[in-house]
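Right after this note come the structures.
There are two complexes below, and they share chain A, which is joined by chain B in the first and by chain C in the second.
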Partner chain A sequence: MGLDVRHLTYVYNPGTPFETKAVDDVSFEVHDGEFIGIIGHTGSGKSTLIQHFNALIEPTSGSVLVDGEDIFASKSRAALRRRVGLVFQYPEYQLFEETVLKDVCFGPKNMGKAEGECASAAREALRLVGLNEDTWEKSPFELSGGQQRRAALAGVLAMQPEVLILDEPAAGLDPSGRKEILDIIKRIHLKGTTVIMVSHSMDDVARLCGRIIVMEKGRKAMDGTPAEVFSRVEELEKMGLKPPSAALLAKRLKARGTDIDDSVYTLAGLIDELKNKLGGIKQGA
Partner chain B sequence: MLNNITLGQYFPGDSFIHRLDPRTKILLTIMFLVCVFLSRGFLGFGLIVAFIFLCARVAKIQLKFLFRGLKPIAIIVIITFLLNLFMTPGDDLLWKWGILSVSVQGIKNALFMAFRLILLVTGTQLLTLTTSPIRLTDGLESLFSPLSRIGFPAHELAMMMSIALRFIPTLIEETQKITRAQKARGADFESGSLIKRAKALLPLLVPLFVSAFRRADELAMAMEARCYRGGKGRTKMNPLKYAKSDLVAFLCLAALVVLIVLTNKSGIGVI
Partner chain C sequence: MPDKPFAIDLKGVSYKYESADSPALDNIDLQVRQGEMLAVLGRNGSGKSTLGKLFNALYLPTSGSACVMGKEIKSEDDAYSARRHCGMVFQDPDNQMVATIVEEDVAFGCENLGLPPEEIRARVSDALSTVGMEQYAKSAPHMLSGGQKQRIAIAGVVAMHPDIIVFDESTSMLDPSGREDIFDLAVRLNSEGVTVIWITHFMEEAARCRRLVIIDGGKIALEGSPRQVFSDVKRVKQLGLEVPDMTYLAWSLREAGIDISTDILTMDEMEAKLWDLMSGT
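Coming up: the complex of A and B.
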C-alpha cells in the first residue's frame, strides 16, 4: 500500500513564546515495497514526522493519505494503525506483560483477533526476530537489552503491518546487536513489507535503503537514491551530517590523487572499486 | 492533557522580586498569608490586591499566569462560596426556600471567604512563579537547618524535593511516549467502562514504574560516583546571602501589615 504525504506541517506549542515548527511543509510519496531512510540532525523533525504516519499526532496542516484515504479524516484510525506499524525509539521501554509471548500478543489482541490467532501471529513474529522458544515464557524484563529490543519489535510485527516505520531501531545497542536488528529489518523488507527507517547512522542507511530523505530544520532538504544524496557531500556536512565512511574515504583517496570513482558510498562498493582499480594498475604494469 | 500543570511553574526573569533571597521570599509569603487572614474587610483586601498587582508588575509576570493557578481550586472556591451563602444565619433574609436561606450577611460572608481563598493562592503563586525550584529548595533547606540539630533531616528533604521536581517533566514526557507507543500497538485508553479503562492503564503504568525505578537506580549510582554523601559538611556553589533589597522587601510587607491593622481599626468596609 502507498503512503502519500501532502504539505505536512506540525507546530509545537502554537500561540505561545515556545512556538516551534517541527515539520514544515513536507511532501513525498511512499511506494509499495520501498525501503526509505530518513536522516537528519537531532531536532530536524524526523521523529515528529513519522508519528503522523499512523495518526498518533495530528498535523497543524496538511494530510497523509493511505491508499488515497486521509488518515486524519477517517473514522477507522485503529484499522489504519494496524496497517502502518510504528516502532518507537527504545521500544523495549513499552514491554509490560508477564511473559514475552503475552507481550507480543498485546497488539494482535487489541486488533480483536481470537486467542489462538494472536498466539500464532506472535510466535511467527518472535521467530522472525530470532528469539528462541526458551525465551517466550520468560518475563521480558529478564532478557538482555538486545533481546528486549527484538521482543518489542516482534510486538509490532505480530500485527502484520504492510508498512513498518522504525525510529532509530539500532540506537543504544552494541555493534553485534546493531547488526542483528538491522539484518532482521532487511529480512522483513525482503518479505515484501514497505519499510521507513529513521536513523542518524549514514553507514546503516547507505547499506540498506533504496531511497533517502534528508530532513533539515523541519523541511525536506533532499530526496533521492543513496547515490544521488551521498554525491552532495558538502551540503550534507553543512547540515552537520557525516556522510558514510566509505564515501569519505573514497573522496579523500581521490583528493590524494588515487584514480577512483568517488561516488561509492557503501563499504562493499568501495572494496569493489578498489579491487578494480588496483587490479587495473597491476595489469598495466 | 498533562501539559497544563502551572502550580509551581517557574517563570524566568531578572526583576527585583526574582533576585530576592529565596529565604526572604518564603518568609514574606508567610507574612503575606498572615496579612490575608488578618484582614477583616474589603478595604484590607483591596490593599492586598493592589499589593499583588504591584508585585506582578515589578516581576513582569502577566496576570493570566497568576490566574491560571486558580483553575485547580475553582471548585473549592465555588463550594466555599455556596456553603457560606446558604449557611450563614442572619436577620435580614433576602430569600428563603426550605432550609436554604440567603441573607445580606450571608452574601457578604460568602464573597469574603471566596475572595480570601483566591488571594491566598494568587499570592503564594508569586513565590513559585518568581523562584526557581532549585532556589526554593535551597531556601527551605537553609530555613529548616537549625532544626537539623534535633534530628530533622533538612538537607535530605530538600534533596528529595529537588530530585522530585527535577523529574516531573521527565516523567510526563515518558508517559506521553509510552502512551503513544502502546497506542501504536492498538491500545485504547479512552473508551469503555471505568473498570475496562483502569485495566487499559496497565500497559502504561508497568513500563512507567519500571523506568522510574531504573532512573532512580541510575541517579543514585551517578550521585555516589561523584562522592555524594549527604548534607554534612557540604558547601554550596551559590551560597545564599541576604542583601539590602531583602531588607527593603521586609519593610514593604511590614508596611502592608500595619496598613491592614489600621483598616481593621478604622472599621471601614469591615464585615
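Coming up: the complex of A and C.
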C-alpha cells in the first residue's frame, strides 16, 4: 500500500507568540514495499510529519492520500488509519495490561475483532518479534528493556498494518538490543510491509533503507537513495547531521588523492572497497 | 608525582537484590583515583547501573567494603556523607526535574544541604554558568530540549560541589548533538578536578575516556585503556557490545590479511594509517 503526501503543512500554536511551522509544504510519494528512512536534526519536523500518516494530527493545509483516498476525509478516516501502524518513541511506556499477551491483543480487540482472532494475531506478532511463549503470560513490566520494546512493537504489528511507521525504534537500547530490533524491522519489511523509520543514526539508515528523506526546518531538504544522499556530505554536516563514518572516511581518502570509490556509505561496503585496494599489501609483506 | 588518593575503592563488593537468586554484583574489586574519568560498559542487566548506585549509597554492599572519598559506607547513616561527595545524573531528563522554574530546580539539592540562601544563590548562578544555561534561569523546564534539561540536572548536581559525578546513561535519550554537548560537559568538569564515572552504551564515548571497565554477569570482564580493551574485538563482541567503527574496520581488514593494527580508535588515526598503506603502493 502506498501513501501520497501532498503539500503538507503543520503549524503549532497558530496565532500565539509560540507559533511555529513544524512542517512546511512537504510532498512525496511512498510506494508499496519501500523502506524509507527519515533523518533530520531535532526540531526539523520529522516526528510531526509522521504523525500525519495515520491521521493522529490534522494538517494545517495539504493532505495525505492512502490508496488515492484522503485519510483526513471524515468517512474513511477510521478504516484508513488502521492500515497504517505508528510506533512511537519509547513505545514501552505505553504497555499497561496484566500480561504480555493481553497487551498485544489490545489493538486488534479495539478494531472489533473476535477474541480468537485477536489472540491468534497477537501470537503471530509476538513470534515475529522473537518473544518466546514463556514470556506471554508474564507481566510486561517483568521483561527487560529490550523485550518491552519488542512487546510494544508486537502490539502494533498485531493490527496487521500495511504501512509501519517507527519513530526512533532503537533509541536507548544497548548494542545487542539495537541490533535485535533493527533485524526484526528488516524482517517485517522483507515480508512485504512498507516501512518508514525516523532515526538519528545515519549508520542504521544507511544500512537498512532503500530511500532517505532528509528534513530541515520543516522542509524536505533531500530525497533519494542512500548513495545520493550520503554523497552530499558537506550539506549534511551544515545541517548538523553526521554522515555515516564510512562515507566520511571514504571522502577524506578521496580528497587526499587516492583512487578509492567514495560512493560507499556502509562499513561493510568500505571494508570490501579497502580489501580490494589493499589486497596486495599483506601482513609481513 | 605520587598517585592521587582513591575517590572510590571497592574491595570484594557483592550486591544482591532481595528478590533475586544470584547477586547482581559479584566480588568486585575496583579503584578509581581522584580526578579520573572512567567509562563503565556492559550489556543490559550486566550490573553496571547497580554498580553506579553503590557509589552514592543508593545501595549498600551485601558483602565486601565500599569506600567513597576514604570513608567506608556501611549503613544508611553513611549515606548522607557519600551523597555529599558523589552526585548522580540519570538517563531520563524528565524524571529529574522537581521544580517549575530552572533556578529553583538547580537549587533543590543545595536547599537540602541546609545552606544559607545567599550561598545557594551564588552556587546556583555559578552552576548555571558552568553548564552554559544562565540565560534560562527563569525558564520553565518543560520548554527546554532534552539536552538542555540534562544540563539543568547536571547544574543541580554541580551546585552541591561533589567530588565525584556518576552519569548513568545520561546521553542515551538525547539526539547526537545533545549527546556530544553532555559528554563534552562531563569532560570539562573532569578537567576541573571532578572524578567522573561515565556509564554508557555508546562505544565512541567510552573510547574518549582514559580508562574503561566492562561489566558482565556482575563481574569485571575487561579493564584497561580503550585502546587495550577494544583491540580485543572478539571478546568485546562476546560480551554483547560493539567496538568503535574504526576499530571494527581495522579488525576486519586485519582478518583479511592486511597489515594494520587493531588498536585504532578514531577516524583521524584510521585515515592516516590507510593513507600510509595506500600511498605506499
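Criterion: the second predicted complex is superposed on the first by the 274 of 285 C-alpha atoms of A that agree within 3 Å, B and C clash if a C-alpha of one lies under 4 Å from a C-alpha of the other, contacts with A are read in each partner's own complex, and residues count from 1 in each chain.
The rule we apply is simple: a residue touches a chain if its C-beta (ideal position, glycine included) is under 8 Å from a C-beta of that chain, and two chains touch if they have at least 3 such contacts.
A quick note: this is a predicted structure, and the numbers were derived from the prediction, not measured.
Overlaying the two complexes via chain A brings chain B and chain C into a clash.
In the overlay built on the shared chain, the residue A:Val156 is in contact with chain B alone; chain C does not reach it.
Of the two partner chains placed by superposition, A:Met215 touches none, neither chain B nor chain C. Residue contacts after overlaying the shared chain place A:Val129 against neither chain B nor chain C. Within the superposed three-chain model, A:Gly146 lies in touch with chain C and out of touch with chain B [touch as defined at top]. In the superposed pair of complexes, A:Asn110 makes contact with chain B only, with no contact to chain C.
When the two complexes are overlaid on their common chain A, residue A:Asn54 makes contact with chain B while staying clear of chain C.
Counted by residues of chain A touched, the larger count belongs to C, out of chain B and chain C. Using the contact criterion defined above for the overlaid structures, shared-chain residue A:Val229 touches neither chain B nor chain C, since it reaches no partner.
Two complexes overlaid on chain A leave one chain C stretch from 113-121, 203-211 or 257-265 clashing with chain B, and it is 113-121.
Within the complex formed with chain B, the chain A residues making contact are 51, 54, 56, 78, 81-82, 85-86, 88, 91, 93-96, 106-107, 110-111, 141, 155-156, 159. Against chain A, the residues of chain B that register as touching in their complex are 174, 177-178, 180-188, 202-203, 206-207, 210-211. Considering their complex, residues 43-45, 91, 145-146, 169, 172-173, 175-178, 201, 203, 240-242, 245-246, 248-249, 252-254, 256-259, 267, 270-271, 274-275, 277-281 of chain C touch chain A.
Within the complex formed with chain C, the residues of chain A that make contact are 41-43, 90, 144-146, 171-177, 200, 203, 240-242, 245-246, 248-249, 252-253, 256, 258, 260, 267, 270-271, 274-275, 277-285.
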